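Please find one structure pasted underneath; my questions will follow.
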Amino acid sequence: MKPSRFHRLVLRLVVLLIFALFPLTGNDYLTVQLTQYTVYGIFAMSLSLLWGYAGILCFGHAIFFGVGAYVMALITKGMVPGFTGFLTSTWVGLVLAVLSVAFFALVLGYFLFYGRLSGPYLGIVTLAISVILERVAVNWYYIGGFNGLTEVPALNFFGWEVRELHALFYFILAVALGLYLFCDRLMRSPLGTTMAAIRDNETRAEFFGYNSANYKILIFCIGGSVAGLAGALFATVTEFVSPTIIGFGFSTEVLIWVALGGKEVLLASFLGAVVVRILEAFLSDLLTYYWIMILGLFFVVSVMFFPRGIFGSLLSDRK
Amino acid sequence: MDLPVQILNSLNYILVLILVAMGLAIIFGLMRVINMAHGEFFLLGAYTVVLTDQAGLGFWLGLLLAPILVGGIGMVIEYICIRHLYRRFLDTILATWGLSIAIKQLIIIVFGPAGLMIKPPLPQMVSFMGIEYPSYRLFIMAVALVTIGLTFYIFLKTDFGLGARAVIDNRDMAAVLGINTRKMYRTTFTFGSALAGLAGAVMAPLMSCDPQMGLGFFIPAFLAILTGGTGTLAGVLVGGGAVGGADSLISFLYSPVVSQIVVFSMVIVVIRIRPQGLLGTKSGR
Amino acid sequence: MLKIENLHASYGGSLVLHGVNLSIQPGEIQALMGRNGMGKTTLMRTIMGLLSSRSGTITFDGQPIQNLRTHEIAAKGLGYVPQGREIFGDFTVWENLHLGTLKLPRNQRKVPEEVFDYFPILKERKNQKAGSFSGGQQQMLAIARALVTRPKMLLLDEPSEGIQPSIVDQISEILKKINAQTGLTILIVEQNVDMVLETATRCAFMEKGRIVETCSMEDIRKDESIITCHIAV
């Protein structure tokens, strides 16, 4: 069942509409939650870029999110030596968050992809990094240690503080939409086709003259940067960062969201994050400890029988 | 702390790490499955001992039971889940990953999230050559050595081992010669899981048993295999020695956090220079 | 002994065998010839269960085997010597041979002496690593290993490839001897016309995934153009 282009466009617009109209329901608590989930959705999309489109499996994807969040928090709280005044503004914070994550991804990518580290090995190496970084963050007193940092300043553009919950919601939604369009465009561009070729058959792509390592590093940087941006936004939305968002547990969560939602389709991954989080909010009171176990089993089932994910088949434009 | 004592402790850690890594390496070498739940098999082994301890049945029964129980669980998992995924290599990683989450959560549900301690069953110290050393640690090393030796013997000297090595080398040709590859997979997975379970059980009295301990052994085991080389059993010895030795030494001299970073970087550098590992022969695969 | 009817099979996504019909009588040595890429190796692999068929039947010794797993097919008495030999290079000669006995119960696992009679060089070099052998010796090892499984029929895929002519002759002689002494049915896929003429009694030609002609060696000796039209480039 391959949905037509019109179908898919309509589905996407419907989703956008649902999000856009949600705050009008007047449920402020849920709007705040949804803002956070939207940030998670952006994070999920970044993993979809790496995994679904480029075939790079990342068990430690939270490292990018976490580094972005911490950089944003540290800069805007004026905790980085030498960065004062204007240099603690939202602008600088966001730019630096993205740049530092991009650089991190570049260095990492260089070591991993040129080391001929393929598929699963790479995935587990990123997992190891995630565990290490979490430990470092816990032990580093200056950046908050186990408790992390609180009172991260809200987004502030030319004096307009984006704090009011509706404004924040629409702002984040707009960013999500913008990033979605950016990533979508990117994957439909020649770069996207090259990535798909490398994903499907790397040796063949190399015969055609493509330096697959360079392309992988590039997409690694892009995917990492989007995750880093999501992290930076997360820091300002929740006004809080802690080692958990850089570590193994969170890396696992995003992997589950994307797998369940559908790694091959950006929007499916986005929805995967949002829906799983919503379900968790409702069900985790009911099911407490069992929730994670059930989620894990769902994940296994989805890997075995629904590799496209729940939303993937509905939204996919691939055969 | 004395240097000789520290060296013995390192040896202890290295041997147990090799035990865990061996199971992982065999499963990967034969079945091309990276068992992300391998750490959780270790965990299950440890908690088997916790269970028997809490039930008043003592440690030794738990030690005996652990490899059997965990091996059995491994067999069930292979049957229900993994055998459907043999042609889908990446998916086996994800599926075992999902299972590891579920298993870990199950442990939390049954035993709670906090760390549990068990009294070491051989509390006496042994003195030799001017040092005092816990006899239980010596016991662990003995168990590990015997098991490692036994595994090598099975793989290098028995018909079963010959068949297994043939399947590792060339699965199709092994099948053409009449070797039942599916049965081989099941046996291998069971055996590998049992190894992890045994390691977990034997280490349980030394560590605080908490649900995260599986990951704490899985990652170094995996790094050990990367370093030593996939596809060779001897590589596990080298990799385990290198990673385990470096880890315990640096932890002792500096701190566990520094050690993790250093060991990890060391592995990355080795991989960069020699992607197939120190003893590895085939590239990639 | 072996009867293939209307076999369709694909490899790597494209259909390679388009309805193969082939039959081989017990005790005969039949050759299968054809240009590269016509599906000969795919046919061999499908018979052995290394590739699954889309449709059609394969009957061996009266029993259908198209849905069986490879080791079950081997147990029924089909031996296979693949293209490129594929011996276990890191194992010794003895280990390679011993592998063939593993499907038997523990107390019957002995390499039959006859194998060493046919290939005396293997007995001499029992403990040498198989990877250090020359091409011709590896081929002998591969055939011997297949014989250890006591097959009723042997499939060989391009046994002469990359081997010097004198060894090819030797192998050809040994195959004929085994066939004469034990009645082993043999199917050889070959591009080497001389070897085919030497060894086989019948020959089938494969083109684009189908058998297009079968004839006896007599027919070919009378009219060499049969061969050239099917395998010349």
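Here the chain labels run A, B and C in written order, and each chain numbers its own residues starting at 1.
Here is the rule we go by: contacts are C-beta pairs under 8 Å (C-beta built on N, C-alpha and C of every residue); 3 or more make two chains touch, one makes a residue touch a chain.
Computed from a predicted structure; not experimentally measured.
Colleague: Can you list every chain in contact with both subunit A and subunit B?
Modeller: A chain counts here if it touches both subunit A and subunit B, and no chain qualifies.
Colleague: Specify the chain with the shortest distance from its C-alpha centroid to the centroid of every protein C-alpha atom present.
Modeller: Centre-most chain by C-alpha means: B.
Colleague: Quick check for the class: compute each chain's Cα centroid; which one is farthest from the centroid of subunit C?
Modeller: A
Colleague: Using mean CA coordinates as chain centres, what's the subunit A-subunit B distance in Å?
Modeller: 32
Colleague: In angstrom, rounded to a whole number, how far apart do the mean CA points of subunit B and subunit C lie?
Modeller: 42
Colleague: How many Å are there between the centre of subunit A and the centre of subunit C, using C-alpha atoms for each centre?
Modeller: About 55 Å, centre to centre.
Colleague: With touch defined as at the start, can you tell me which subunit B residues reach subunit A in the complex?
Modeller: Within the complex, subunit B contacts subunit A at residues 34, 36, 81, 84-85, 89-91, 93-95, 97-102, 105-106, 108-109, 215, 219, 222-223, 226, 256-257, 260-261, 264, 268, 271-272, 275, 283-284.
Colleague: Which stretch or stretches of subunit A touch subunit B in the complex?
Modeller: Touch list, subunit A to subunit B: 57, 59, 111-112, 114-121, 123-125, 127-129, 131-132, 135-136, 139, 248, 252, 255-256, 259, 289-290, 292-293, 295-300, 303-304, 307.
Colleague: Which stretch or stretches of subunit C touch subunit B in the complex?
Modeller: Counting only subunit C, the residues touching subunit B are 48-50, 69-71, 74-75, 79-80, 82, 86, 88, 90-91, 95, 98-100, 102-103, 106, 109, 145, 149.
Colleague: Applying the document's contact rule, which stretches of subunit B touch subunit C when the two form their complex?
Modeller: Subunit B reaches subunit C through residues 159, 162-163, 165-166, 169-170, 172-182.
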